[in-house]
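Below, each structure is written out as structure tokens.
Next come two complexes built around chain A: one with chain B, the other with chain C.
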Partner chain A sequence: LDYQHVQVPFEITLWIMLASLAKIGFHLYSKLPSVVPESCLLIFVGLIMGGIIYGLNDKSPPVMDSDIFFLYLLPPIVLDAGYFMPSRPFFENIGTILLYAVVGTIWNVFGIGFSLYGICQVRAFHLQDVSLLHNLLFGSLIAAVDPVAVLAVFEEIHVNEKLHILVFGESLLNDAVTVVLYKLFRSFCEMPAIKTVDVFAGVGKFFVVGIGGVLVGLTFGMTAAFTTRFTKDIRVIEPLFVFLYSYLSYLTAEMFHLSGIVAIIACAMGMKRYVEANISLKSHTTVKYFMKMWSSVSDTLIFIFLGVSTIGENHEWNWPYICFTLIFCLIWRALGVLVLTFFVNRFHVNTVTSKDQFIIAYGGLRGAICFSLVFLLPDFHRKKLFIAATTVVILFTVFVQGMTIRPLVDLLHVKRKRESAPTVGEQIHIRFLDHLLAGIEDISGHWGQYYWKDKLEYLNSKYLQKILLREYDQPKSSIVLLYEKLERKHAIELAEAGQLGHAPSHPSLLCSGFLCSNSDRTVITDKKSEDTLNPDVLENIQEILARNLYRIRRTGPAYSRHRLPGETEPTEQAKEILILQRRSL
Partner chain B sequence: LDYQHVQVPFEITLWIMLASLAKIGFHLYSKLPSVVPESCLLIFVGLIMGGIIYGLNDKSPPVMDSDIFFLYLLPPIVLDAGYFMPSRPFFENIGTILLYAVVGTIWNVFGIGFSLYGICQVRAFHLQDVSLLHNLLFGSLIAAVDPVAVLAVFEEIHVNEKLHILVFGESLLNDAVTVVLYKLFRSFCEMPAIKTVDVFAGVGKFFVVGIGGVLVGLTFGMTAAFTTRFTKDIRVIEPLFVFLYSYLSYLTAEMFHLSGIVAIIACAMGMKRYVEANISLKSHTTVKYFMKMWSSVSDTLIFIFLGVSTIGENHEWNWPYICFTLIFCLIWRALGVLVLTFFVNRFHVNTVTSKDQFIIAYGGLRGAICFSLVFLLPDFHRKKLFIAATTVVILFTVFVQGMTIRPLVDLLHVKRKRESAPTVGEQIHIRFLDHLLAGIEDISGHWGQYYWKDKLEYLNSKYLQKILLREYDQPKSSIVLLYEKLERKHAIELAEAGQLGHAPSHPSLLCSGFLCSNSDRTVITDKKSEDTLNPDVLENIQEILARNLYRIRRTGPAYSRHRLPGETEPTEQAKEILILQRRSL
Partner chain C sequence: RPSVSHSQITRLYSRFTSLDKGENGTLSREDFQRIPELAINPLGDRIINAFFPEGEDQVNFRGFMRTLAHFRPIEDNEKSKDQNGPEPLNSRSNKLHFAFRLYDLDKDDKISRDELLQVLRMMVGVNISDEQLGSIADRTIQEADQDGDSAISFAEFVKVLEKVDVEQKMSIRFLH
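Entry: the complex of A and B
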């Protein structure tokens, strides 16, 4: 027997196997997962496993290695989250999300840190040796909402899209803040004296870490998209690039002390549309399926390890500190959400309701990131107390909050996710409104989300698509294109009519200008209806259409606003106006 | 910059990225891969990379770690090979393959070992210090044909299925022999004296290593199939089990010093049909695609590492030893193939032609397995000589033989693989002949391949399918079922006719008994042709069909031979014969 030789892969495979079998086991009894979230069950399995290991070896079971967690278990989950991120609600609420993620997390860190320091001053609790900096350091690791825990719970309760993205987006983007604050306080702890310049450097780091992460992610994402341009002959390794580049973006960001989570999300969201267009359908199925599979396994392993690591002799128990940590976590989060939402609601028409606020505050689950960070702390005499407090907060949030959030959502009648996909009609209208709002923002000179979206779309179609897509083509199925085409045809008709000196016969105009091109695309009307219309109705329709189309042409620049205003020649416009006027007379 | 922290995954990702980009690069120039096999190009890239590393660091680049090769790079390739193994040609030629793999490899090992020992006796070559045992040890590692190299070359030249499976099957199954002989000679080298009992124990080990590998593989394969019965509610982790269980089978076999390659092939071949039936179509696409992707990456990495590892100061150059190693490798393989094929052809109708023999001998490529084994050798003063000789043999076979085999195949007009899939008609006939031959073997008391295949099929349908398949059902799309159904219908018609006391009208019989049920399934005839036939032809057809169907019924037990002969009641049979006789009169 040569166990040494195969130990590492063998044990990894066995752990994954245990995780997968546990998952199957839960689903065999269909009642269980509907009451208890899977994450709780998995932690429970981990606790049992840890107990068994502890009982057999009579020493603490191995704790989850922070390196393994950050380098191997976390990236697949974040990649999956980023790749399948609903980009529309995310960007619509990006302001609110950033506010919660940045200001909210800072608020929590300092709130928890200072109030715990206050508790430490009470003589009866025997905690006077925990300094303010240590409390702030602890606050920085315990304050961050965990994306893995949030995802595990919120995927099961199906709240409405906006609420989901607010909690989930916050949990993802607060990583940048956590990284900065955690590293800042850790280095402060080791410094003999803190200068003012260090504090300012820390504030500057926020932007570097966050924006740097986005830039690293986008760079790798664009490279990935560019690479898949050339995989036509070897379809078999296409899916690989999606994984390789996003992992590289994560590792590179981590290497430069930037936010890896932000980088991988930027990478995934950036490359998705180009990669999807370049790779084959089967490759894409593999990418999607494998991503889901991998993140699901990582997720399972994290919760099991969380359970296993809880057992053992890493804890120092101090009732007041642990209880107050839990209480402060809940209070400061609730307060933070209330205050921030108050400001958010003042600037938004579509407000966050009080029910939503409650769920956002209540859904602030802590998870494996806190746990890994607390183990990464430099050794000092109260580290075990921090570990104990972190463990209690995680178990409380995952078990108590995780299990009660579903009944609460039911009880409060929180708006649920809509079951059906939007219809084509809805999509067209949403799109139409987007363009309309972009135009309004442009006219009013307001640089809102529609303005930026439109700018991005321009950048995309003008440069990125040409570089990144294998078969560069105008984006198909766009109503803008359809309108432009119709409008161009009609203009030609009019021009011809002007040259010929007489108005075109109505049926021919109607047919060749509008209905035919529509029936080619089978969009709105079919050609047969034309035969049954009487001339009066026809005339009426044509007039409406003609006026309509002319107006489209006039508002045309709003759709392709990136041409200079001078590009549509005034003489042509004038000619058309003349023709139209002559016709209407 | 914190490179230390991310070094391991970062470098792994970069190597994989390099491999994938190299692959893309070759395919951009479509002419290159059609002349030079990809394996050669990849080794070439590796050589350049190695040269760069050597030039920059001024020390030997890292050689491919044997542990990494055997634990992480080899399994995906073998799994892919096993999972997509064409089982029919494999089992049809299993005898020949085993003869080549076992006897052929032993022949090569001893042939090369003893003749190199002869060379070592020549004083002028300064090789007297290489003992017979060391030569045999070297022979045992250099003799084995490499599945990765064979696959890389033979997948591109498209020779006929039988020739392909003979070379490829041999390269896979000789692993058991290589493992035993290599470990045997290595332990002999370390022993002070070799007893006779050790030699006999070595012979016994062949069977343990080979059959043990098969048993380990089948156990895990069946467990995998059983596990996928319960994944209906969590489709997302289905593909995982295919990979987990096959990897576990490999690791377990390696742990017990059995043949991991044999185990993983047995596992993959064993589980395939059950897993396929249990998991969803998308899961299966993911399994297939990911397996191909993974093996393709492993394969690429192996060849690149092979190139990188060649550069450096690991070599001791001795012209005679290296040249004679190469010559003996070629000669003994050619002789072995000739002699073994002579015996094979005496016992087979479908002989191995002399062209095929040439390609089998010429296709005996050596690859990364030899390379890893030679680095695993215990340190002794001539190890570097062995490394040099192995490198030369690998490079010669991959470059010279690998590049010339395609022109040779063209030149010799070796039978190619048929381009199209077999038609339904062919499949039906192949199946029919299988059953016929199974019956003949059964009657003649010969335990040939058809006999065993039939027994396995029985075991499968009687026990395995019921345990391993989620929705156990009679196998669909079987012609046996179709025949049985037709026959049952016809029998009912006849029975009704017998009860009614008059023969059924011809058209009705024709329609309801044979043609209708056929046209329902759109197998052979279409119903319209019935209308245009004149009565004489109809009568003729019907008579043929009736006689035919009766004969099918009589030979029925040959298709489900596992019922006792008494199960078809003689009275019913007699009744039918009476009816038929009355009709034909």
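Entry: the complex of A and C
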């Protein structure tokens, strides 16, 4: 038995297998994922595994190595997020996102750091030796909202597109701030004396980290696009370039101490458009599937390892500190969101409602990034305290906040319902007005940043397209392109499914309810002349309308972790509308 | 005429010129159809038509602005002043009138059952049969109709929407 020979790859494969089997397990029992988010279940599995390992070996199970996390597990998830990020809503809301990510995180870091320092002054807690710097360092790693956890939980609750992109974008971009503050405070800890010039250097460093990350990402993105221009004869390895260049951008940024996450996002968003035009349809599908697969695996592994690493002797349980950390995290996040939203709503058109604010504040989940950062701390005598506090905060946010956010959202929904249900006419007219307004907004180009978008489009058409695209024909108008693309996809799908007639994919409503059963046909014509407002008829109509009225643009996220982009609801709706319009011409 | 600020006019003008690919100072229907989001808006064609005056195929900047002026938010200080002057384009009544005109194609100041059916067909998916749609249309008219003519007049239309915050719903805040 030559176990040593194969040990490392064998164990890795076993872990991945465990993760995937766990995933299958959850979905077998279909009611479970709706009550408990997947991330909780995975952590739970991890806890069990950790317990088993601890029981067997009688020592702490292997802690998730920070290098493994940052170098292997995190990039696929961020790449997936960046590649499939719907760029229009992202850039529409970029101001708000940046505000929450940068200012919000700084607010949280200093707020938590200083309040915890205040707690440490209380003699009864035996915490005097935790200095201000240590508290600030701890604050910097615990304040950051984690994209993995946020994504995992927001999959379950269906919030509107704008809210989704706000929280999601914030969780991605606050990495730059976290990286800078964390490294800054850590270097301060090691320096004997701190001068003001160091503080200013820190501030400057933040800009360097963020902007540098974007530049690195864009460089690699453009190079990737350029490379795919020449891959016509070697279609088989086309998808590889997408992954190689993105990963390189991440590693390069990390090498220069810039923000790797920002770099990989910039790379993915920059290259997407050109790469998709250059590579074949099959390569495109491959890229999509592989990205989703890798990010799924990473995601699952991270949560399991989180569970495993929790068990063990790494913790110092100083309950006052831990409880106050938790309380301050919640309070400062809520305060931060309130204050920032106040400013945002004054200068922006798309107001963030109070229900949105609650979801943003409550959805600030911490996850594996905090966990890895705390293990990276230099060894000092209070490190275990921080580890314990981090673990508790993460478990609390993922379990408690993750599980309760959905019922709370539903509760808020219910509370906002009107006293009387809207009449049929109202419903129709309201939706009519919504579509009208969406159209007028599109015409007036009213999304802010319009000026920059136009400039970018100009730059694109004049220079970038010629260099980066393989076939640069006459630019067709965008509606023709969009229509062609959707028509082609639809035709391919129909051909693949073996049906060329237009068959509705939704379960037929033709025979549901009062309105269409044969025996009641005569009853319908009779009822038409009556004046009574029969509640049964009303309910059926309401139901039918609710299910079938086309949605306006802004509802429902176009990005979903577990579904491929072409299969989300808004695209289906767009296809239908275009086809209907073509038929009516 | 409601005052539109200078920066708003400049913004709209730059949008107008960017849409005007032919660079002749007017927009045609094709210029509008080039906006991709309008293609997948169920009411896209009707909205585009609303910009063009009766029987014409081109709209100049003045007409463009005039149509968009309906969607200015109602400022608080405008509500009280100028009771004697002409009603501003962005009043609640005029906003509703704009929407009403999108329904009422034959311009007889009534939304007939057919016109309602046409709009409904545009707004719902492919899974609703004609009969169901007919029932929905009948129901809508039945709820709103007060003078018994089986059509929705403008006054009845306004009454249906009295609980809806039309001023907020039908406004876009242009940039400051």
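Everything that follows uses one rule, which is that the second predicted complex is superposed on the first by the 440 of 585 C-alpha atoms of A that agree within 3 Å, B and C clash if a C-alpha of one lies under 4 Å from a C-alpha of the other, contacts with A are read in each partner's own complex, and residues count from 1 in each chain.
Criterion: a residue touches a chain if its C-beta (ideal position, glycine included) is under 8 Å from a C-beta of that chain, and two chains touch if they have at least 3 such contacts.
Values in this document were obtained by computation on a predicted structure and should not be read as measured data.
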First, second, both or neither for A:378, with chain B first and chain C second: neither
Which superposed partner A:257 touches (first chain B, second chain C, both, neither): first
Which superposed partner A:192 touches (first chain B, second chain C, both, neither): neither
Set of chain A residues, in rising order, touched by both chain B and chain C: none
Chain B residues touching chain A - in the complex, by the definition given at the top: 1-3, 5-6, 8-10, 13-14, 16-17, 20-21, 23-24, 27-28, 30, 67, 71-72, 227, 230-231, 233-234, 236-237, 239-241, 244, 247-248, 251-252, 254-257, 282-283, 285-286, 289-290, 292-293, 296-297
Touching residues (chain side chain C, partner chain A) in the complex: 11-12, 14-15, 18, 32-45, 47, 51, 68, 71, 99, 102-103, 119-120, 122-129, 131-132, 135-136, 138-140, 142-144, 157, 160-161, 163-164, 166, 169-170, 172-176
Chain C contact footprint on chain A (complex, rising order): 347, 349, 423-426, 428-446, 448, 450-451, 454, 477-479, 482-483, 502, 504, 506, 508-510, 515-516, 524, 528, 531, 533, 537-538, 541, 544-545, 548-550, 553, 573-574, 576-578, 580-581
